[in-house]
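Take a look at these structures.
First chain A sits with chain B, and in the next complex the same chain sits with chain C.
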Partner chain A sequence: MTTTYPFDAESKDDELKSVGTPAVRIDGLEKISGAAEFVDDIDFGPGLLHAAIVESPHAFARILSIDTTAAEQAKGVVKVVTGKDFPYKFGMYMEDRYIFAQDHVRFAGEQVAGVIARSHREAVQAAALIEVDYEVLEPLLDPKEAFAEEADLIHPDLGDYTHVPWFFPKADTNIAHWRKIRKGDTEKAFAEADFVLEDTYRVPRYAHCAIEPHVTVSKLDHADRLTVWTASQSPHTQRHLFAEALAPLGFTHKDVRVITPYIGGGFGGKAGVSMEIMGAAMATLVKGRPVKVRWTREQEFYNTYQRQGVIAELKVGVMNDGTITAVQHRLYWDAGAYVEYGANVVNAAGLSATGPYRVPNITNDSLCMYTNLPPGGPYRGFGYSEFHFGLESHMDRIAEAIGMDAVEFRRKNAIVEGDELSYGAHMNPSGLIEAIDKTAAAIDWGVEETSDNPDTVIGKGMALFWKAPAMPPNASSASFLKFNEDGSINITVSGMELGQGYLTVMAQIASEVLTVPVDKIRVETPDTDRNPYEWQTVASHVTWSSGLAVQKAAIEAREKIFDVIHQVYGYEDDSLYLENETVRCKTDPEFVKPLREFVIDGIQTEEGTWRGGPIIASGKFMPEFTNANSDPETGQGGHPNVHYTVGATGVVLEIDKDTGRVWVRKAALAVDAGRAINPDLVKGQIVGGLVQGLATVLYEDMRFDEGGKMMNPNFTDYKIPTAFDIPDEIIPIIVEVPQPDGPFGARGVGEHTMIAAAPVIANAVYNALGTRIKSMPVTQEKIAMAFREQQT
Partner chain B sequence: MEVEIKVNGEDWALSVAPADVLLDVLREQVGTKSPKIGCERGDCGSCTILMDGRTVRSCLVLAVEAERHEITTVEGISFEGLSPLQDVFLSSNAFQCGFCAPGIVLSATELLEQNPDPSRHDVQEALAGNLCRCTGYEPIIEAVLEAAKGGSA
Partner chain C sequence: MIAKEFDYQRPATLEEATAILVAHPGETTRILAGGTDLVAWLRDDAVAPDLVVDIKDIPDLRDIRMEGDTLHLGSLTTFTDLIESDIVEEHAPLLIEMASTVASAGIRNRATMVGNICSAVPSCDAGPVLLALDTTVHLAGPGGARSVHIDDWFVGLRQTALTDDEVVTHVTIKLQEHGGAYVKLMRYAGEDLAQAAVGIVVYPDHDYRVAFGAVAPTPIRSARIEEALAGKPLDESLIAEVVGMVPDEISPITDMRATAEYRTHMCQVMLKRGLEAAVQRLAGIGPAYETRLI
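And then the complex of A and B:
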């Protein structure tokens, strides 16, 4: 049985004019000329106030008292706020956070108070005058310690928290959510397997490191309208959460407006709501004055979402012919102090922790553990990067143990269309085998290479990846489209241009349907008062979901255009078509009507009256085949994921045997985009995502001290790649097995490109040195130490 | 105190405090917003500007140090249309979010002025002080090499 899709998107390969071309980004000129405006670039005039935040130095403590007297009297201070001003909870999937800490702080860096002043300097100086008395408690920093029965409770009221119905928190424990998958009979399969491998892999926390820090400006005007300009991936979700959290103050959705200009990178870190809610709340106390909160680089590291750490206990059983028969994956997630968003990372990983393989017997336990570290949350890859490290390392080890080529082993087990997924639904069409073969060919898999340098060795590695968008089953997208007098088009949507090229792709989709060139289409960034709804720009779903909404709006506009022509000239709608911005007719080759002649003013009839008028249209998309209702004990019965995007990554690297230094000589990455609406932009995602993934395994390393305080919250001590730290050669490979319900067959690729980067390095290091490293990052130091130990 | 600074060809007399950094003064008093605030400690390069034709991180320069110097930002090099380098950046879709772009355009402009025929290594070295989290640098490096091939910046 395969999934049937409700909306069969039009896709006639050979006729495509705009879709499939490397169109120049519609935001390109703004960005290379300095014109592109980010939140911090907007002028708010002399009334602008600045806020500084007082943070907890302790990872776990009871707040005994807060003395704000001195700060209130300091020069330039307009208002000082604490948790008492806003005793309101908020959260994306589970309401477990407060705007400012109430009686406890649960991570080092948590916001305790805020100072609003006329200048940023005055705000910072006054914030230093606030005295907070704490009773320091013993922090829980390890997810397995948090899991232990005798562990202290980080959230004693967990049982009372509001959450989405597909979460299963355990009251009176630190388990905020437990996603279970039980399929087949794993115990029996392990007993009957020819070979079973069991091991533990560790993945630490990581930071997004968008170059633009979080920044938000909020203003409550004298008519009680709250406007928030913010660097966010989620304007509508932010409006919704602001309106809900601040409802006790009398706000409704129509009173709250979120405006999001360009953002300087997101990677998941600007999804949902984090620091922005402080700005929105503080503005309500200084009516008429805009308040800016801008995170420093340090705050950007420790008080936004971090990528969660995980301890992965993995057991896989295979037969001698290489068939995988069982997977048992137990994931202890270090989800941090608040899991309002991060628990869904845990959920997503639990649903898909077999990786892109056909597995008949599955036991997955994905455990969302509260710890006293900063809140975990969405990060490009959404849990998949984390569990793929162990899983794809394991697959190499199993192949070697049973004497099979690692690529052949993966090919044999690779999931294909129609295969049953862990939760009982079926796999969508996929080009996984093609991706494997093309990646292997690109790195000359199977051909041993030796180094000319006696101090270095060459290694090769392969790893596969898959990922589905993780979203509520009814997450939806919408679009408005209008023509202008000259036949140009304005489109409004509420997906965010994060850099991925979303606005350009939306323009290309509309261009394809309406034959208007991309450079005559403007697509605007969101303003929740004016742009139609979009859930969020996360999950690599907007090309697919928002793309469908734009495609539908364009189709509706085309129908309206044909209807006007029909009314005036009598041609049947189905005889009409568009070509080069004109309406043409199959039954009357002489008929040519340029769009610009009537899309605003309409067409005059022989009687002198007019027909038509401004062509406007809307489109929306919601997946109507998904549902998140599954049995909490088995995970069976629902259809939580819309589809998976798959692919493969391969590397050739050179390692210095003495120092452990790694040079990635060649990297290849194939991803099944379904259809590359803009191949340039898909390649951009492949190269950028791969380098970001390689950084997590080769360079980046988040360190905390014994008290749970982050020790390296800056770019000097937390190394992200520079222009020197990239592979010598990257080969991007686009596979196109169409997604039946995608716009022109497209599916998302944004997150996927970093998922296999870590295991592919671990596998290549093993291939080069025979050294298996089972904890990330795989740094130069770790390689050198492990290799040295192996030699002795 | 009063300082005189030339910004993109225009003379400015600005009243600044001794501790004011040039980046903030450019953004808040001159209204030149292309140099961005990314780390405020010279790590990320998004505040890169040209001071007398040489790149500096404007977050590490005090406004008073810019007295009687000539500052150029990316707005300043775009007045009379895009440079050939910007043209290649645009046509090759070299940037993504664009936050680092103003700094990188200036670093690459400086490179091509000093070395019209750079190697890949030269380009990497010139850009090593400008962090970009989106692109993986490859399309940017390729665009600079292509611009060099096509003539001067």
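And then the complex of A and C:
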């Protein structure tokens, strides 16, 4: 039997029955009724132990001694652990972390010790008894200061760290990775340009603020199996990192099992491994007893991944006709104390820091700087949300300076299929021009609007976005599919339902191939013992990658079905097709064989024997055209990204000139989904991503004190929007220029919808008031004070 | 989670409550009403009492009633009670304008207005409004009842005229025809602490009261601005005059929530818009109470 590669990208809408329809999400009833189970809902019985973590109050210090005597004797305490118990390194792309701090702490809040007790209260009370003696060191809190030659070293052993081959750390500096792009002759292009604009933009750190904080329950049973229940986007990656880090204790991959029920939001914050490793490690010391580690909201802010801050020095050259000739983008990333994941954010941004434009001459430097702030890491947008703020602000300013309409300027330079990318590969098919035009039309671009309120003015803004999944070149997905007696289907995959509707979309893809309705297909959340491999649910890649794996499994099942029919009835496979859960034959219109009659029990032949049996299938997908082997000095030669998703965002906002308060009256966002497998879910991503992006630009404002301690790890002072704060109107626009290698043409849209939210606000504020804010967030205070300054 | 342990008592009468307070004087005893401040502080280890005295069982502390021209509000009156009270809506809608800006619905259901002025944080929403209204705070202690005018209530950062062995029983507000406004600077439209606030009451014959919140160690009344306004109809030049006085009347700080400069600027904007609204409301033509003015 052969499995042909599916690529049904060109399927016409009228041929599709399930794909392209707004199927009701299969996890919906469970969730709205409160029945859905999350890690903290699982009852582990009275034997459950609870852990509390002792944290460093200092951002940078040497640990002189730890006295655990009093804690060990405290009521209810079962075990006290410190770094000495687990001298093992771990990390996603670079092994630069320990499970508990060893000789140094490198951010305020870093885990120094853990107490396992019979109750959470006893654990917390005992943790307060642990005395840690520190020699406090001067923290480095600014990435440019960390870059300075004389800067103290946060990781003196950087040169010895294990890392993926596409990272280029500089030993004896704080540069954990330096992604360079050198294309064309940037200097010459600037010299010949009619206009050059150079400026610096600043983006602070951000927190994901998922409604469910991180939580993990780990148990080493008496058969030496380590099971970890986690709120995670990455069950298989977690299993892999747990197994690797704990290998010195004798664990192999088969011994480690990660179970991930529903999670209450991820946004990148629950990708990779962060606090979960503590639970996994501590459980190894209390064999037979499950141990729970549950983060408070405060810990959720300062000891998981944070979105990295960036100082972006941007220089762009253009000709008078509006043609962009050169981009030089130097990004100093505040990557934090450990960059095992965050360095790949830096890498991704460096590869794509031109934005969605055709640029012949490029100099990009994306610098991953260690600082003594919490570890940076993935957050929806993965570097792109960060650098688009400056880039798309800059594009507006250039258009104005050369007297060109900002939309026309973008249209002229918008990247299209076949254009050369910064690293030498070529752009995939995309509907960027269509997205620009539809977004501009939705906000009546070019039509000036005035307010009836003398205190307010109206402004409009536009910004474009693009993003590619940032993955190892061989990141893979897999699926199992099995039929049941009644013709219903169970599918197992290991992507995570993060709220985006992944399970529903996988069911729709299988439904399309096998003509079984979505409500007869169940798709479950992962258990690494039972479900096949998935790299992670990040990068907006699972609709595409896991979708292809499911599509291939469904096609394999269909081929097995046809094979049985062929064996029994003799029809040629290529004359058979599925329709409404039956097998039909092009050459014999009378032939109808319902799936439920044979997908388990097979079909009886005329002699009375049976053919077939349970229809089971598997599918896997790994991109085979990618490679990350580029020249470290130029970035040329590889094909690190599978494809880009593009789009445009536009807003109409009203601003109170005195207070600076902003009301987003209308927002439009067009994204090229390739094909929207489920248009309602794509619209959900557009609304959700846009609102999350607007939060980062208008409200959220992470603050650290001079010692590097986060001052607002709470929703009292870290503001995320409420229902009162969302735009009056959001217009979701789905563009569909198929991705040739996507399932039915689909590509990911999850992260992209927040990327342009920040610059579009900055541009609209400028349009309204003539005030250009070059640092995020663009709060009402900043607007009011800048406008006031401008008036005097 | 509250890790520290403490004793808890729930007296059934005022006398019992004051007896407990007399027996356990000092900072190590804390009164619990709505608990929205106290429980958060306990959780954060910001306070460490040995004893918490819950006064919610004491009868008659949740009354809302008019006694002649005086509004009586029991100390267990929650912000939601204020918002839902027909009496308050009829006689002092300014209190509802204030109460509706406090935190979120869940907090308003528990938090008491008296607790708000007992915690006495600089940003307490009730402060500027009760200062602008003619408010008296009534207390019960071992020596019996006494009262303190609101002007003498706030004595320092998080400090009030309440002594360790006393409980607030109620506040009274002497009412006459008035227009009012509570204008609150928040960082977004969702629940927020006041970054700065202005409480204004205007009585007939151009008699003004002006108070500020979150721009000094306590909520403050501005006698100078009130004097400058006194007896004069509000017009653009008068507004400009008193707006110009604002920087000398307040002493805001710069913190992570707002800069001193923005707080000052916004107090000026809020004073202007608040005065205009209050004067119009007195005339029966202003924007409805609870309409956001900024």
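Just so we're on the same page, the second predicted complex is superposed on the first by the 780 of 792 C-alpha atoms of A that agree within 3 Å, B and C clash if a C-alpha of one lies under 4 Å from a C-alpha of the other, contacts with A are read in each partner's own complex, and residues count from 1 in each chain.
FYI, contacts are C-beta pairs under 8 Å (C-beta built on N, C-alpha and C of every residue); 3 or more make two chains touch, one makes a residue touch a chain.
Bear in mind the structure is a predicted one, so any value in this text is a computation, not a measurement.
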| item | value |
| --- | --- |
| First, second, both or neither for A:131, with chain B first and chain C second | neither |
| First (chain B), second (chain C), both or neither touched by A:712 | second |
| Which superposed partner A:656 touches (first chain B, second chain C, both, neither) | second |
| Which of chain B and chain C A:721 touches, first, second, both or neither | both |
| First, second, both or neither for A:781, with chain B first and chain C second | second |
| Contacts of A:501 with chain B and chain C, given as first, second, both or neither | first |
| Touching partner for A:529 - first (chain B), second (chain C), both, neither | neither |
| Chain B versus chain C as contact partner of A:40, first or second or both or neither | first |
| Contact breadth on chain A, by residue count: chain C or chain B | B |
| Shared chain A contacts, counted only where both chain B and chain C touch the same residue | 716, 721-724 |
| Residues of chain A that touch chain C when the two form their complex | 120-121, 124-125, 128, 656, 658-659, 661, 698-699, 701, 703, 711-712, 716-717, 719, 721-725, 779-781, 784-785, 788 |
| Residues on chain B engaged by chain A in the complex (per definition of touch) | 27, 31, 33-34, 36-41, 43-44, 46, 73-75, 78, 82, 86, 89-102, 105, 123-125, 127-141 |
| Of chain C, residues touching chain A in the complex | 1, 3, 185, 187-193, 256-259, 261-262, 265-266, 269, 294 |
| Residues of chain A touching chain B in the complex | 22, 24-25, 27-34, 36-38, 40-41, 43, 208-213, 262-267, 294, 296-297, 497-501, 680-681, 683-684, 687-692, 714-716, 720-724, 726, 730 |
